[in-house]
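First chain written, first letter: the chains are A, B and C, and each begins at residue 1.
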């Protein structure tokens, strides 16, 4: 069954189509990657699925329900949570506060005007678990701004997981990471994918081949082809798109 | 002497995070040189640093023997370096003609509008339309055409093939070949291996803000495997 | 006599002509604002002052040197243009790399200084300026009489508007300007000197304002305050037209003038508010204005100062120290001064909640303190409400107003938000000026204090003092708790990275509206208390100067710190008390503090103190714990202390 689906979606900026007539379905329980050269419209598709952009044509469905008219916050509350290409952590908050924030959204405390979140023992316990899971125990009270770039990406992933999402959308989770970090983050993604559906945009083909069960190749705002890594990587049109067409 | 550009120990930062960790490379007169590498390796940042568009940079950038590390971008452009950014930078509120004629002449050798239109014939009929009404390919042509007016002899081109159809890429390749024949020195940032192979005299591989390898045109075939490895293809 | 819709035709045409004249000034001035905004991303609060400089300058040139109208028409814009260039080069440029908010605050300070200096030099009464001889007299058009000078103003304004539009849309220089508006860094990388362009653009905008000023001199009251009130209408016009849009400025300028003229003919009572009502309606339908495209202005993150390793013991100790010193202070200082300062401190804390923690810097917060004040005063005097109910009514009125104003304005941010809030507040000002129950210029005076809960007689100074102290401390504690609450954390997160907050499922617009309403409510509480203390509700409380004052208090004390607004409020109120004798100089001093504060210590008194202490702590800890020190002392941006 498809969890998240785009039917014939397009978006044009000033007459220029960044995504054009794309049909795309994300199936329950899979890890699915969208690949393609720069400018292919991968991130735009992401923004359309999470409604950070409103499509100029077509519809988006979540478990068969039309969500084309909903805003990003409403989509997130349905359990479709995304990360950003450029690391998006709350710099001025501590690591723990970043995690707590995600947990707050799922608690009934978000409109509490007085009193401290930390009085809620469930929330604190859950935050501790996530901190431990992602190896943040010693950095819990560090301001996120002071983390290294790689750790920030991990923190963003941790915050996203803290939301306990149904669908996880990761926009280039490996961008800017060194080799060691890449392996660690890949492990974390595999772990997080247990019982969830994951969609990722990624450039690093080793990562894609290792993680993704299904791959969609986009070029110039359109879907070129879709299949498993082995199928897709052998198709001549994909090789052409990646190496630039000319010979 | 003879080097148009000589970059040494170049470092650059975005806020607190360091992106370039000591880049070093050179360009001789009339050469086309590419910087190849994955996303986030620091290729674009290198071009931006040369153009003086990074808030914080250190090291040495010698342009025809003159140190530019402390120069401002206005002055760098006036010395004859032109930059074509990755996102093309076509101004939406300007017509094609205005876009084309925007960069001021910095040297007398700049091409006249009619000469430029001979190189890019498909821009001629679109002169009156607004910048963002163009297709991706036309925008890229315009971005390239625009900097030829200035008379700059060193061109910094950031991924001119990004997101374009093979037929357009071919056109751009032909254009850059012609520019090379006209004697321009070109520093090209690319991810498109075929494109680099067709044009470059030399290729530098960039990884995590450093040059990790240099591959001359003649070695390209033999080392194709390792190039693809570097790029993660 | 001919009538149209029951109005004599001559009156209607006369008002239409007046409207067209006003429209001509609106268009010319909003044009300059639009050009400056396009290049610098700031709403130029000094625009009214520059306009005034043109008019008063023309008067002065004639009075002192016998320089006539025609020469002034060229000389004044030239001189004011040079002043503009100097202001940009010497002052505004220093903050151009920071959040544009600071540039805006600087122009606000500069406006206060210029206006104050001119009031000192020329007094505040109107200065007469004759219509130039060549343009005196008029022509009877059959359906109405057209004075030549008025026809000239309209004609010149149309020419100027067209010329500016042409220069920007059709010339090469205009292409530079448009390109630099879109992407200054790239234009710079083409070898075009953008900073110089910005400087001359500001100069040109200033010259345009001065030109309008000279044009206005023969027909409008020439006085040092003539620019300030006009400016706010201009802001509304710019919001209607769409921020940064040249076409929008011209179209909205003339339409607003004509609409005003028509309203004067049909329903004069509403003529001062009609532009603001139009603005609210336009915003409801097109949040970016008629021709605008953006409602958000880019802003960079301002890091809030905060103490490392702050404990709850420290927090309570600090609070207890403040409470205690305020409790014993009446022994040493006038209680009246202390009570006034406490109400202002509560007001500033409420403002800071929004500006510091929500990053919504309102330029119209006076509407909440003022409205609550009027309502409180009215229900006590008119309906005989006891003080507790009167406070409740006043505070509730501010909440309600906050809900409406917040709903209209929180969809925007940055400069746009500031202008909308200012315009909405001005609308409230005009309502207060004209509504039957506010007492107009006199306000509502000698409001009895009454007996609180039927037990505590507030006319007893000691009882009143204790009551004010308790309300202030209560409000302060509430804000302190709010900042640390889950809600406060979410606010902070939105302030840091709004898209990420949305992607975590927070409906950020609801939180922004909520903090706006809370801030309005607390401001209202301060307004009600102020009426009990001063026994008067008057126009000064709803005037834009009051909105400026609360910004000054907050930024001077330290925006985004808990105690900053309190310190700022005490300093500013003390200054007002002791400097009152200086008259016009007070506004100059206010302006100068603004400028110095923004240029030299942006974090404010408390903010700088915190940074200093944090740095010292960091150094001593770093010395003690070697390598892992940065993690240990990593500035915990707890927004406390």
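A few remarks follow.
By our rule, contacts are C-beta pairs under 8 Å (C-beta built on N, C-alpha and C of every residue); 3 or more make two chains touch, one makes a residue touch a chain.
Just so you know, these numbers come straight off a predicted model, no measurement behind them.
Legend note: the chain whose CA centroid lies nearest the centroid of all displayed protein CA atoms is C. The interface holding more C-beta pairs in contact, when A-C is weighed against B-C, is A-C. For this pair, subunit A with subunit B, the centres built from the Cα atoms lie 32 Å apart. With centres set at the average Cα position, the gap from subunit A to subunit C is 41 Å. Chain centres here are Cα averages; for subunit B and subunit C they lie 46 Å apart.
In subunit C, no residue touches at least two other chains. Each of residues 92 in subunit B touches at least two other chains. Of all residues in subunit A, none touches two or more other chains.
Against subunit C, the residues of subunit B that register as touching in their complex are 51-53, 72-74, 76-78, 82-83, 85, 89, 91-94, 98, 101-104, 106, 147, 150.
Here subunit A touches subunit B in the complex through residues 13-16, 37-40, 145, 149, 172, 175-176, 178, 203-206, 220, 240, 242-247, going by the rule given at the top. On the subunit C side of its complex with subunit A, the touching residues are 301, 303-304, 478, 481-482, 484-490, 492-493, 496-497, 499-508, 514, 518, 630-631, 634-637. For subunit A in complex with subunit C, the residues that touch the partner chain are 50, 52, 71-74, 76-77, 81-84, 88-94, 97, 100-102, 104-105, 107, 109-117, 138-139, 141-143, 146, 159, 163. On the subunit C side of its complex with subunit B, the touching residues are 172, 175-176, 178-179, 181-183, 185-194.
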